[in-house]
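Each chain carries a letter (A, B, C and D) given by its place in the written order, and its residues are counted from 1.
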Amino acid sequence: MSALLTVDRVVKRFGGVAAVDGVSFTLDAGSVLGLIGPNGSGKTTLLGVLAGTHEPTSGTVTLDGKVASGKGAHRAVHAGIARTFQTTRLFGSWTLREGLRLAHGERRGRQAWSDDRLADLLGLDGLLDQPCASLTSAAQRLAMIALALATGPRVLLLDEPAVGMDTAEAAALADAVRRAADELDVAVVVVDHNMQFLMPLADTVLVMAAGAVLAEGTPEQIRADEAVIASYLGEA
Amino acid sequence: MRSRSAAALTAAAVFAASAACGAQSGANDGDTVKVGAILSLSGIYSTLGPAQKNALTMGVEALNKTGFTVGGRKRTLEISYADDRSDAATTGVTALREMVQAQKIPVIAYGLGSDTYVPQLKRQPIPMVNILDSSYPGILDLSQNLFLTRGASPTYVPGCLHYAKRNLGTKSISVITAKGEPYAEGLTQLVAKSAQTEGVAIAATAEFPLSSTDYSNAIGAALAAKPDAVYLSSVTAVILPVLKQLRQSGYTGPVIHSSGVNPDQAEAILGAQFDSIMKDNYDCAGTLPTTSANPAAKSFAEAYQARFNEYPQDLTMWAHDFPFIVAAAMTKADSVTDPEKIQKALSEITVPEGTVSGWLPGDGGLLFTGRNARTASEVTAWCAGKRTLRSAMVFDTRDGAVVDPVFPEDTCA
Amino acid sequence: MIQVLVNGVFLGCLFAVVAVGLTLVYGVMEVPNFAHAGVIVLAAYATWSASAAGLPFALAALVGIACGAAVSVLTEVVAYRWIIDNPAAAPAVALGLMLILQNTALRLFGGEGRSMDTPYDQVLVEFGGVSLSGVKVALVVLAVLALTALHLILSRTSLGRAMRAVAQDRGAAAMLGIPMRRQYTLAFLIAGLLAGIAAVAYAPTFQVSPYMADEVLLSAFVVVVVGGLGSVWGAVAGGLVLGVVEGLGSAYLSSAYQSAFGFLLLVLILVLKPGGLRGATGRRVA
Amino acid sequence: MRKHASALGSSALLSVLAYLALTGLQGDQGQVALLVVVWTIALTGLNVILGLGGYPSMAHAAFFGGGAYLSAILLEKGLSMTVAAVVSVAAIMLVGFLVALVFSRTRGQYFAIGTMFFTAVAFLVFTNAAEFTGGPTGRPVDLGYSLDATVVLLAVSVGAGLAVFHLISVSRFGDRLRAIREDEDLAQHLGVPTARVKLLAVVVSAGFAAWAGVLFGQYNGVIAPSQFTFVQSFLMFVALGLGGAGRLLAPVVGALVVIGLTQLLNLGPGVSQIVLGVLFIAVTLLAPNGILGGITALTRKVRRKEAVA
């Protein structure tokens, strides 16, 4: 079947600087793509272009054959691409259930996963009716993912989801992301620095440096690739 | 949910409470007859209201010494005052409704805002006697319920131009006017008309917005045309700041206006330098009590000056006479409560006893001809160094032209 | 033409002095200080009553400026201090204070305008066919002196540097151990002094009344927004630009809509650069 | 349905009360009742953009004045009352659309100051376009509706306005507005078309304000610029905050407090305004979500004490 998401030569310039300089890749439903690279390599900007936060200077992002980039974040969501943020952003005074209700409203008729199913998937059961501000920081990061999933996306973009989590919480998160990909048939792109969390989770890995794709392949291939080691990983 | 119904109940309680105390006393057939007066006691027209209130108080006291008889009983008059805060459209209309609906008052004296009262008068007609507003075009054709106890501006503005041409040798005059202020807009049109009849050229007409604080643009435009004299068109509180900036900008020629400034207001608004700013300043309006030839007006002026330690403006005479006019109308109408009868009587009374303004009687000695009672007009000049005004020319007008002008000798020299 | 530009500069100086007082307070506490108008009014009345009581004008002016500073600090101590962590409440508190100050003046001194006499009332300055009355020249001089003094305080003294740090980022400044509460009071003190100076300079050109500062405040807010909330030099530049725009507009187009030209300038700036001329980033953008 | 019942019930109850107040009270008290009712209708509109959406619109008095003036001018041009009313409201909603468009990229303080300045300029137009607006002393309004019809319309509009607000508040539009108020960027990333929702909210609020202006002109018979200044916009903004922005009955409580205080408490020039100023500060500091917010907090605390006792 043709790829779910096609990213074709996307460029994003801020003033003179090309934060993303001609990136192309494809993504199939249900697969998890790890996006790694040193700070300033353009990972977050690329994620922003995919999610519609930024308008690409050139190049396109198409989902199911329809162009989804450059029309603003809310149209990306309606097209089926949802994201979370590096810094936790939630509707503090709302309960998670109220946030989910809003997100459900924006599904544009796509498949709906019930609050309980999402809570079970992300290990948030019993926390649905508390104000989000009173959740633990790890739970808040999971709540952000729940909100994104509630919009019934085909593609889920996670921006450093495991930051600030201990190994147990990161493992639980990896398990939840894998279940989301498998059970909900969602394609996931994960940007993170936590290799113990990312490598076992990702089906394929894309390494970026200075705005361009340095290497792409399975986690094992990436680990062996000298160029990647030289620019980024140091010794394996 | 409980909180929402609780809040609805509190709102309900407050509404109901204010409804309960709605009932108002209003019956007017006791021996004290209540009439209304809506005046500008604050705001930009606040140079007019207080003086009117002082004069009305003196008039009522004078009237109540003898009282007046209606329906076989001797009555005295009482005035219920209200401040329209120089904004008839908001506070004036509310005061009018309070007097008519709640206090059941049959006749009201008022100063400005005739056009804003018209809709309310359509709903509940009562006679309203204007003791101030001479703006042009006149207020009388706005509604049959309106009466005017003074000469309108067409009866005095020609005097300004005539005097300027004859005594000041003015060949061209610039006009600085307040945009949107009704009195000013009427005066500006009249000055243009009278200048034409007197053969004086209008050098320039410059406007400034009522709310502005910096008049340099208007003054610049007016002076650029090198006029022999400058006419400031509006009421006292508006033109005096303009006069100050005009003198500050170096203009030393004659300044003419029709705002009825008295020395106390000049000092309050212009500050310590008021005497030099007011030099070479001429005012054309109704006859002033202090400079009037009519003895009753002169004694009223002295009594007013003694009592309120304030120079009496022309409007004080007309305010003083209002109680006498109402008493005469009520006696003729033989009613103190029926607005319709009182209104009809107003058009039928002759010049009442005890009035001081020196009303010019119409044919058959009637006070009102076409609901307008008139007095003679006068040009006054500022007495430098004497903190007072002198009469420069007393005159009457017939269809826009000055007739039989009298030039009293210069009292302040 | 030059005369109109000179008038524009005069207006610009007035707007700048008032706007700097506003932007300083905004920079430090994120408060739209509408009560600034009330401070100006009370400072003007203080000067007026001092000179009415016989003090020479210079002394009366000092009384006015001191009164402005005192009232301004009072507004911070009494009200603004308690809403520092709830900026949404700032407009309500600001209006409350404006109502209180303005109507206190109304209650004490009545509504009619009074004139403030100065020794240089009769002075007329003329150079190259352009004339400016003494009171207006005094305003320009006072404005320049006040702004240079402020510049020296902000750049040379430790107090000033601390305040600029607070304006940049309150959180970071607090971490550096800058005593925040003292900074807030200091900001309002300086704003109060500027208000006093504005009152002493502006009142003689018009009159002293409870509503004398309303329109100036509105134009000053345009300047604050155009110059970028919180940036002092933006306010000075913005003030002069707005002064000239309003001067030109009222001279050549229509004097009745003078502040409308200020509004058009505001709309232009907001649409092109939502952060204002000097690009202070909007506070809430992600 | 139960949740709607109490909201629609209170709206209907308030309509009846408004009718009683408008017909029962005379003179000064009649004027207070009129202003409270008219402000309630206008504030209900403001409650959409400010209460739900969290956007501090200071343009409300300009829309209110625009409705009054436009209907007066159209009536003078000979249009029938209903046509004049509908055209005025529609035109002011269009003006609201343009204002929202101009300020769509601004937020918080910038939006407040920009819209406040719009009201200041609208005031200039009301004051200076004398041939239409009668200049600074205002202009009379031809009486299209009879007094009784106006009173009925005023009373019905109070209830209907609140009911419409309630329906908006529970609808997806309401949810989206509240999301914008909580965190606009997050809302956009969850699919809320924030620009369009804000635009619609301003247009709806302008419609309410314009309709209130039309009815105010018909009852009062005369309108003047001094009723539509930027300070009035400010007072409306703060009245809603006092009431408890976002809550159904905030407009009623806000109008009662602000109008009631300024009109009834006239102990001399300025004193009522000073008291109003002190009240604003007190409620803002002590009850951040207004009087209604305070009442809810109190009842919840009382209920919790009962549970504990």
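Simple rule for what comes next: a residue touches a chain if its C-beta (ideal position, glycine included) is under 8 Å from a C-beta of that chain, and two chains touch if they have at least 3 such contacts.
Given the structure is predicted, the values throughout are model-derived calculations rather than measurements.
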Any chain that touches chain C and chain B: D
Centre-most chain, if every chain is reduced to its averaged C-alpha atoms: D
Relative to chain B, chain with the most remote C-alpha centre: A
A-D compared against B-D, more contacting pairs: B-D
Distance between the centres, which are taken as Cα means, of chain B and chain A, whole angstrom: 77
Distance from the mean Cα position of chain D to that of chain A, given in whole angstrom: 43
Mean-CA-position distance for chain D and chain B (Å): 38
Centroid distance [mean C-alpha coordinates] between chain C and chain A, Å: 49
Junction residues of chain C - those touching two or more other chains: 110-111, 256-257, 286
Junction residues of chain A, two or more chains touched: 85, 89
Residue numbers of chain B (touch at least two other chains): 42, 179-180, 209, 211
In the complex, chain A residues that touch chain D: 51, 53, 72-75, 77-78, 82-83, 85, 89-94, 99, 101-103, 105-108, 147-148, 150-151
Interfacial residue positions of chain B with respect to chain C in the complex: 42-43, 46-47, 179-180, 207-209, 211-214, 216-218, 220, 237, 241, 244-245, 248-250, 268-273
In the complex with chain B, residue positions of chain C that touch it: 3-4, 7, 11, 110-117, 121-122, 124, 131, 133-135, 205-207, 212, 215, 250-251, 255-258
Chain B partner contacts - residues on chain D that touch it in the complex: 3, 6-7, 9-10, 13-14, 17-18, 20-21, 24-33, 124, 127-128, 130, 134-143, 147, 220-224, 226-227, 247-249, 252-253, 256, 260, 269, 292, 295-296, 299
Residue numbers on chain D that touch chain A, as the complex places them: 172, 175-176, 178-179, 182-183, 185-194
